[in-house]
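Here chain A shows up in two complexes: once beside chain B, once beside chain C.
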Partner chain A sequence: MTHRATGNRALSTGALARVEGEGAMRIEITDGRLVDVKLNIYEPPRFFEGFLRGRGYGEPADITARICGICPVAYQMSACTAIEDALGVTVDGQLRALRHLLYCGEWIESHTLHIHFLHAPDFLGYDSAVEMAAAHRGVVERGLEVKKIGNEILETIGGRAIHPVNVKVGGFYRVPARRELQPLRDRLERGHALALEVVDFVAGLDFPDQEMGYEFVAVAHPNEYPMLGNRVVSDRGLDIDASTFLEHVQEDHVEHSTALHARLIERGEYLVGPLARYSLHAAKLAPTAVAAANGAGLGTTCHNPFRSIVVRAVEVVHAFETALAIIDGYEQPDRPDVPIEARRGIGHGVTEAPRGLLYHRYEIDDDGLIADAVIIPPTSQNQATIEHDLFHFVERHLELEDDELRRQAEVTIRNHDPCISCATHFLDLTVVRS
Partner chain B sequence: MKSTGVASLVVIGVGNPMRRDDGVGAAAIALLEQAEFGRNSDAVELVLLDGEPTRLIEAWRGRRRAIVIDATRAGVDAGAIHRVDVAVEPLPDWTTTGSSHSAGIAEAVALAKALDSLPDELVVFGIEPADLSMGEGLSPAVEAALPALVELVIDEARA
Partner chain C sequence: MSTVSKPSLAVWKFASCDGCQLTLLDCEDELLAVTDRLDIAYFLEASSATVAGPYDLSLVEGSITTPDDVERILEVRRQSRFLVTIGACATAGGIQALRNFTDVEELLRIVYATPAFLSTLGTSTAISEHVDVDFELRGCPIDRSQLLEVIGAYLAGRDPEIPSHSVCVECKQKTNVCVMVAHGTPCLGPITHAGCGALCPTFNRGCYGCFGPVESPNTDAMAGALAVTGLSAGAIDRLFHTFNAWSEPFRDMSVSVPAPTRRQP
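For the complex of A and B:
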């Protein structure tokens, strides 16, 4: 246990297993007053932007899928959407439905991982899912089962459990016959029932009162709760086409961070992710998800970051019901992809990764090679807001000893599920008191 | 085991080939496939994972034996190979610090123990990385250690 001290002091954590990715946080306290909170999250997409230049237009779907082990589908969907936009191709009908189904699998897996193995231990007073498993074995086993069913969607449609290999620009390499989806359908029925239980479970947790004044930003679709779409909206009037995203969002280099912090031009920080999607589009959730949200006591919007666990659980119900509806309406398309001809062009793609809006932009040259790539992941967009949350929290809890301050600051970060690289697991925290 | 459709031995390569030496698990699996290891055998399955703990548990649950291959930083010379038999010794410190996915293995083992989901035998081969930066391709030291590593895995599997 470390204690407060009057001199300068620096504390560092060892490995912190429950934030996906690697990051560092620095809290500066002077004369008992919070002066600064800085979050530095390492972002692999920067590397990938350079890595993609000069490669064929068909390559980003597979390469960017490797940015994140937890959300490869999101990277594939945003990459394909942007490249198809550049090439003047539209993927719709059953091919789009299959992509939507694949995305449901990723939402189920990613959210269920976060709910059970990262977030729930915070509410139940455990340091890890391992500790929680001893006392709440049934909860953890149920989480494992739901997650596995999500994974089965990825295996069936994506061809593989991690880094799906079946997705390509224009559609898929192979599409399933209708009967191939029936075994999956049975599993999804089971998953849907379990997901409803999970909503009941998380709704019963104790949540601190903390209403934040976020500006919510999410993809919008005329009649779907957004996974795929091409407009971007906010609850304060932003309503733009994906192609103008970079005219409204500015990425700033921040001195303390290797990441870029995204802000809405002339508006400032904003939040993407489950709270934003829910608050903007709750009316478009599948019926059983709407009922589950009502039963869990969620209003029409949710500004409490701790309650994001409930919103994730509701979104899992939505993903199961949506997946079932897609399978029920599925007819095997004549061909697995839309024909593509390489041409010069610029394209934009926005889709909803489990943790929020993921923007890709590609410039393709006459030879079909990538001339330029821009990738703006959800975590980059949320970083300024997470810092703001941290400042708000730490300012009101300066009396805490360092260990407890660190623990609770980590909880504040986990509220936003900042999946960064999923390749490494570190959060180094430094508290400087002077 | 054949009747259940689950191979009794799973060999799991862990890591991200876009993080240079972190791709050693995938490289070892590729060599095992090339060597037709386990080909035409219902008893052996080769699996690639990213190290996320619950996926590891899913991969070895219900198996009799599991072998895990990963880049792990023990602070020794690059390319050095460590072997840990999880049934007979605790996971050493190097599985919980310093490496990209070893925290995943340690957590997966602890969680699996809590859920009674460890295979009867679980052996972890850790390879000391030289370079975990973004990019493709193994460092010379790890590349050089790869054949010996694959031999060790094959010997282990046949033991």
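For the complex of A and C:
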């Protein structure tokens, strides 16, 4: 049944499709005026921060990976970084390079999944990539091949694509010999060429005009487009060390969500993810990614959430070029890990998950056991902004029939690739210090 | 819309990380062939089109942790001709079953400021504790080849060929040096169900049991062997109590705490 415009309307989508995890959407219109929008997150809580207490310092890398099957490496990287910070250890040189390479694999896999399976069907008017494949088989097959090459990085370095087994505090269990990476290198060359084609494809899609006034927040590194790093910056002057993150971010537990909403203290809602990374750090992209961005018509910043699909495609090109450079500069390190000694400490870690900044904090006791854990995933940071986007979009499109309004509102949510599995089960309000 | 002859596939999610259903989308070389043979009738992560049941083949990811999900799995069972659980959450309760050993109210207070907003059970349990299951696929996450074997076997009308031996056998097949014997690395391989291809030992790491226990594992002997490697009683307990903590053989396994204090679901 469709009806529209004036009068009272309540639209809802009981279970959002093509997002990771379980969420729903509700839009309320009274007397032709938009009253409320909510992104409901009803994914059941899983209490990771609770049962991390009392586990060994080496365990969060494997345990927190299980928060999200789409971005397990992000959890492993933020967990290891935070725990190494607590234990006073630095992982650098070739070991850091291998982590960076592993992370490139996850970006390629996750972004390519989102571009082809979750997002592109919206632009081309299909319900799924499988349905889209009937008319665009080549596009879907190319997407699958790029995604597969991303997974090959994860399998070569991490052992498997989902929940890699080779990551540990201090580095790895096993590091590859230089020659082991050569077959992968050939595959990455092909992936890089295909990724450039994907940018051309997504740049040709039709984008609604919607420029949003986000505050962009991302990890910063002096000379790398950020995956690993230890500072957090915004385009409105935030520039902090990861260790002070909780002094700047406040989390609220709202009734309609098992994820907690994050806000910057005295600044309000903000956005993490591809748009933020790109708008803050576009100059640090690899050269072929910069050229691809220019060719796709992206400026130096991007405030249109619908164009996030283009930014993701550009970041995939960047990940391929970065991965190739890492392999070319690789020398097998003498040992696979940095020696670790358990000690009491508090540590913080920020890295860039495909969906945006992922913060971990651990408190470790004298026996090397976790006394306290705090994890802030990207989607809980973005949830308030996603609802804001939704309100803005629906308010300007009240004339649409219900079904079309619902469909486009869902697209507004998918623009941000929300990972609801990640967003759920988080955050402790009592840690906020203002 | 479906053609008459193709069987329908539904993919369901309960409490989980989405990794096992992602494994289906990770079958990059086979995915379009699979969808040529099966109609995707319900798979929210991949499609916004849903077709009403009943469904010929249902893949169920995740464990039961909320009052609503207790009801929903009954409906999924009613709508499914052949129901396969995929992964450690659906098959053994998953990592979130660690709540079964503790007070869930305490966990709520640790994670959420306003626990009254939440509706959750004190336990995380396997699908088979609620409904009949036609086949259980192990792993955290499941293995891609095993998933394809289960789907292929279903389409061919035969039983899936999923080996039930331990990870040790897979190590021998790969001619790996035993990490426990050669390096004294603690390893759950002797009592862990095969399926990963002995991944961890291949990476110079001990198995951490993500495929869950083999049938009739000798857990006491395993605990003794782990102690010989120098692992503390607490660390041995934690190793058993991770991704398959609520599986029958591991549930009451404790080196450091007497068993009777444990809660029942």
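General remarks:
Note that in this section the second predicted complex is superposed on the first by the 399 of 434 C-alpha atoms of A that agree within 3 Å, B and C clash if a C-alpha of one lies under 4 Å from a C-alpha of the other, contacts with A are read in each partner's own complex, and residues count from 1 in each chain.
Keep this in mind: a residue touches a chain if its C-beta (ideal position, glycine included) is under 8 Å from a C-beta of that chain, and two chains touch if they have at least 3 such contacts.
Note that the structure is predicted; figures quoted are calculated from it, not measured.
Touch criterion met: A:159 reaches chain C, while chain B stays clear of it. In the superposition on chain A, no contact is made by A:176 with either chain B or chain C. With both structures placed on the common chain, the touch criterion links A:134 to chain B but leaves chain C unconnected. In the superposition on chain A, contact is made by A:62 with chain C only, not with chain B.
Counting the residues of chain A that each partner touches, chain B and chain C differ, and the larger count belongs to C.
By the touch criterion defined above, A:47 reaches both chain B and chain C. In the superposed model, A:410 lies in contact with chain C only, and not with chain B.
When the shared chain is aligned, no partner comes close enough to touch A:191: not chain B, not chain C. When the shared chain is aligned, chain B and chain C each come close enough to touch A:113. In the superposed model, A:226 lies in contact with neither chain B nor chain C.
The contact surfaces that chain B and chain C form on chain A in the two complexes overlap at residues 15, 17, 44, 47-48, 51, 66-67, 69-70, 113, 117, 128-130, 133, 137, 140-141, 144, 147-148, 151, 161-163, 425. Looking at the complex, you find that chain C touches chain A at residues 13-23, 25-26, 28-29, 31-32, 35, 40, 43-50, 65-66, 69, 94-96, 98-99, 102, 104, 106-108, 110-114, 117-118, 120, 124, 140-141, 196, 199-200, 202-205, 208, 210, 235, 238, 242-243. Partner chain B is touched in their complex by these residues of chain A: 14-15, 17, 44, 47-48, 51, 66-67, 69-70, 113, 117, 128-130, 133-134, 137, 140-141, 144, 147-148, 151, 161-163, 422-425. By the touch criterion given at the top, residues 16-19, 22, 48-55, 57-58, 96-98, 100-101, 103-104, 107, 110-111, 114-115, 132, 134-135 of chain B touch chain A in their complex. Interface of chain A with chain C (complex): residues 15-22, 43-51, 53, 55-56, 59, 62-63, 66-70, 72, 113, 117, 121, 127-131, 133, 137, 140-141, 144-145, 147-148, 151, 159-163, 165-166, 168, 172-174, 251-255, 258, 260, 336, 410, 421, 425-430.
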